[in-house]
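Pasting the structures here.
Paired with subunit B in one complex and with subunit C in the other, subunit A is shared by the two complexes that follow.
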Partner chain A sequence: MTNSPATISSKLMAALRHAPAIAAAGMVAYAIADGGYIVTVVGFGLIYTIFVAGLNIFMGYAGQTSFGQNAFAAIGAYASAVLTATYGWPPLLAALAGIVATAICAFVIGYPTLRLKGHYLAMATLAIGLIIYEVAVQWQSVTNGYMGISGIPALGIGHYELLSDRAQLIFLAIMAVLSLAASWLLRHSRFGRALVALSGSEDAARALGINVRQYKLTAFIISAIYASISGTLFVHIVGFISPEMIGMNMVILAFTMLYVGGIGTTTGPLIGAIVIGLLPESIRSFKDYQDLVYGAALILILIYAPGGIASLDQVVKKLLRTKAPAKEVAP
Partner chain B sequence: MLDLSFLGQTILNGLSVGCIYGLIGIGFCVIYNASGIVNFAQGAFVMLGGMITYVLVSLNVPLILAAAITIICVALVGVIIERIVVRPLWDRKATMFVMILATLAAQIVIERATLIVVGDQPKSLPVFTDLPPLRLFGIAIGYQTLWIFGTSIVLIIALGLFFQKTLVGRAMRACAINREAAALQGIQVSHMLALSFALSAGLGAIAGILVTPTQFTAFNVGTPFAISGFIAAIVGGFGRPFGAFLGGLTLGLAQALAVYSLGSGLKNMAALSVLLLFLFLRPSGILGSAK
Partner chain C sequence: MIRLRVEHLTKRFGGLVANSDVTFSINAAGVSAVIGPNGAGKTTLFNMISGFSPPTEGRVFFNEQEITGLEPEEIATRGLVRTFQLTQLFQNQSVLENVMIGRHVRTKAGVIGALLRPRWVRDEERQTEQRSHELLDLVGLGAQADMLASTLPYGQQRLLEIARAMATDPQLLMLDEPAAGLNHEETEKLSQIIRRISDLGTTVLLIEHDMRLVMNTADHIVVLNFGRKIAEGSPSHIQADKDVIEAYLGGTEMLDA
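Then we have the complex of A and B:
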């Protein structure tokens, strides 16, 4: 009995706060060691980690709305697919071209769109996602319509190609860690603090000398670049892209992951993507019900646990507080 | 000369589908006025309208009866969404974005449940009056088009009377102007929320039933219809039900002309471009925003 109950619970809280992220990282390590079928599942989760991390910067940190991030994943994915499979570019160069194209598109789209607020912004971004989907379907000479593009080579430089599943997974894990680290650095920089400030109140942020429009646009472009990278990684790992892969269900899936993991937290995207990625594998014949379950889960989380898994420690804290209010009051 | 009648035909078809967009747009406005919520599950009502009627008709229920049952069922679905999705979030003072995301998720859930129950094949309904189309100056006017125009006009008049003359309708308008003040006058604002969902779902269902014989319905037609309805509402000035109907006609016309001059593949892109143009240049719509 050397520890007082308060320190035990605060240590427990600290452990709880990091437990989900550690468990998710453990899952990735297990997949790398195991090397079996789980590699595909976790790889998918890691690609989505990057996509959701980008979404998190724009929505979690800056508090903005975008239902059209699939557009930027699509631009990255199709740029990589067309340039490598049709024109024979090396993957790295194609990926860079895709990122530059996405950044330019994000600037051109974001400049007028981000002036909008509330449901206008929501609907405008939703429309942008749908327009890109329509372009992917209709621009047959480039995108091959509904049939999609296949025969996309694996990632690699020169003669070194990432062919084995395990090598690909390690590469994806490195990319995911880098993107989360970048997100963390961003959050704790002057820029990140400005985003959090403007998410609280744009007027107050402006009064503090923050150029609100410029910061929002920059956050939008950064999150678009994250989406583009995830799109590129996806086509090179899967080797195929079609419009169905970048439709509305991608947006709902990403939001479910973001909210399960915890919106606004740095590791939330990883937790959410791994948990939601593993879900279909734990329930047999789940595939038919996949989107239905994601949608229902998203509604439940939005209502009952808007902080997601990353806020588990706070939920527990709240429970303890309601059970033992006296402890919290004591100085 | 032939080309001119084809243009007339295009305009007529555009206006007819525009009525449908307008009805959906009114649905958006009714909920928005009562609560300030933009219900992104609006398209699900349209899809369910066509789909439930199809299921009932294929069970040999007469069309009129099937339509009536469907409208009641879909209105109930609207109330259920209000009860289990919107109300809990409303009580927790969720942000606007969370509300949009939740209703969008509700749309996906309904869509996928429909897919599991009826499959992914497109379904259609027989036309209401099975007669050859009327011919006027070389333009074929199908009876379904007349049904769409007629029903829309009757609904608009009925809604106008409802909002102007009845106590409930006036209470809903009071909520739209100022919810707190309305509550102080003894209006049950939360009842108005449920009622607005029922009304809006019923309108969506009617739109879905009317449009299905001219096109088809499938589990995934909801989102495009919802977007078109939303565009109609924005073009008309958000929160103005009759503006939304005008907006629907404008959108239907613009879309038909885009298809006429650029090809049918661009139908959705034309609608979305109208949306973005209005959002960027005149977000308060043709008539100006209601608020």
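Then we have the complex of A and C:
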């Protein structure tokens, strides 16, 4: 191998491409090793990684819009909370019941709404999120209304429970890795190609024999299952659930993470969730301005790096190109 | 053998009649073309045949089976695949992935297959990739496989769209103005590619403005004017047709080209 400037810079670029994901993974490793207060923050980031990875399959791969993903996190969260805390089910069984319930709901909701396009679909999904929130508030006999449900046990199988913060964090990290791996496998398959196809041009996809409606619905259900799992993990880690925790703020946060991390990329959700998850720590003094900071971050990213942090290499490439006026270009 | 037969196809948009009582059939062998002035209703005809816009009246038969009113994806699965007048590539994907997407109807793997990757899925993926490379070679884009589709020059984008459609192993390939915006040399190359596709056993039906391409490539021509079929036959027959010459106002030179 020669070390010509070209190969060095292309190696640097390759390194840069993976750097954001590696840095985010490094942050998780640091939290596991450190075991201090950072564990809570990173754990929160990992739960959101799963939620956002699901959103990314529907929005990033399939190019659709959903403002109602909190609804599916809520179904997973409440199924787990009610079945374990009220009825004493084992967490794993409750989680599976939550996933099944979520998938059925996503099918019933998605089947009619996914015929809608663009703004209409977005509005319909927004309504779903608001409705589920109202249900969580009003269905007092099951959800305990605003008071919420507490005393949700830690995760565990049989007599084995994940009690220490560190054990929980390791478990969350494993779940996040599995979620991203599944996302990668889906993207790089016939299924994932059908999604990016309908995202690019529904007409072209249909002309090639892709059943656009069916693939949108499947992507919607998969993203809902991701949300359900994140909701389940959340209630078991926190031990408590109330309607406030599954409101629209979840959606705003997830959108920020998705775009900051890099929509459509496999590792973007991890990067975005860790960066945005850590942000409140670094801007503690601005606590009241949190939403403002999220908004500003989102706008800056959308303007200067539409590919998000995961596409940092593209931004650097563009900067280099504009900085160094092309010498090679012949007159 | 008759590949495609349309009977009394009519399409009305409100008061506007885009196609009126169009009847013709296309043989399985060879290259056929639909020509006619701008606005004659050629694209509308393609839309009706390929299921994108159901006919107001009339019927469509593909391999002697009726396909009138089927969804485009069903029609494509049966082996009738069309391209678009304005290229509809998947711009953010690589050239290779565009063609791989075209293999959709000839492959099977679903969500579970994607996640578990059993042997047959891995084999299918490998074959998909290999076949896609072959098709890129067919249209001369082998070297551009890893480029982003959006970075291809216009002429190559049109060829990529043909390779992608060919990935479905179509029995009938319908091309809507494939030479639009191509220079002379590119048109020449396109003509050769179309002939090769036909020789490999795929029926080709194209809409075209470029008379040189049509006269050099097509064996059979259908002429539309104001939504009606005004002539049909071999290139030499069409070139001599009085109605056709008239339709292309002062277009005699055009037909001679």
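Note that in this section the second predicted complex is superposed on the first by the 320 of 331 C-alpha atoms of A that agree within 3 Å, B and C clash if a C-alpha of one lies under 4 Å from a C-alpha of the other, contacts with A are read in each partner's own complex, and residues count from 1 in each chain.
What we mean here is this: a contact is a pair of C-beta atoms (placed from the backbone, for glycine too) under 8 Å apart; a residue touches a chain by one contact, two chains touch by 3 or more.
A quick note: this is a predicted structure, and the numbers were derived from the prediction, not measured.
Colleague: Between subunit B (first) and subunit C (second), which, if any, makes contact with A:S10: first, second, both or neither?
Modeller: So A:S10 meets neither subunit B nor subunit C here.
Colleague: Which of the two partners, first being subunit B and second being subunit C, lies in contact with A:L186: first, second, both, or neither?
Modeller: A:L186: touches subunit C, not subunit B.
Colleague: Going by the contact rule set out at the top, does A:I210 touch subunit B (first), subunit C (second), both, or neither?
Modeller: Touch status of A:I210: second partner only.
Colleague: Looking only at subunit A, is it subunit B or subunit C that touches more of its residues?
Modeller: Touching more of subunit A: B.
Colleague: In the superposed arrangement, which partner chain does A:T86 touch: subunit B (first), subunit C (second), both, or neither?
Modeller: So A:T86 meets neither subunit B nor subunit C here.
Colleague: By the touch definition at the top of the document, which applies to A:L298: first (subunit B), second (subunit C), both, or neither?
Modeller: The answer is first: A:L298 touches subunit B but not subunit C.
Colleague: Of the two partner chains, subunit B (first) and subunit C (second), which one does A:M248 touch, if any: first, second, both, or neither?
Modeller: First partner only, subunit B.
Colleague: Applying the touch criterion given at the start, work out whether A:S164 contacts subunit B, subunit C, both or neither, answering first, second, both or neither.
Modeller: Once the two structures are laid over each other on A, A:S164 reaches no partner at all.
Colleague: According to the stated criteria, A:M123 is in contact with first (subunit B), second (subunit C), both, or neither; which is it?
Modeller: After superposition on chain A, A:M123 lies in contact with subunit B alone.
Colleague: With both complexes overlaid on chain A, does A:F67 touch subunit B (first), subunit C (second), both or neither?
Modeller: In the superposition, A:F67 contacts subunit B only.
Colleague: Along subunit A, where are the residues that touch subunit C in the complex?
Modeller: 182, 185-186, 188-194, 196-197, 199-201, 203-212, 218, 222, 264
Colleague: Please give the residue numbers of subunit A that touch subunit B in the complex, ascending.
Modeller: 59, 65, 67, 112-113, 115-116, 118-120, 122-124, 126-128, 130-131, 134-135, 138, 248-249, 252, 255, 288-289, 291-292, 294-296, 298-299, 302-303, 306
Colleague: Sort out for me which residues of subunit B touch subunit A in the complex.
Modeller: Residue list for subunit B touching subunit A: 38, 40, 85, 88-89, 92, 94, 96-98, 100-102, 104-106, 108-109, 111-113, 116, 223, 227, 230, 234, 265-266, 268-269, 272-273, 275-276, 279-280, 283.
Colleague: Okay, in this complex, where on subunit C does subunit A touch?
Modeller: 50, 52, 71-73, 76-77, 81-84, 88-93, 97, 100-105, 107-111, 113-115, 117, 121, 124-125, 128, 164-165, 167-168
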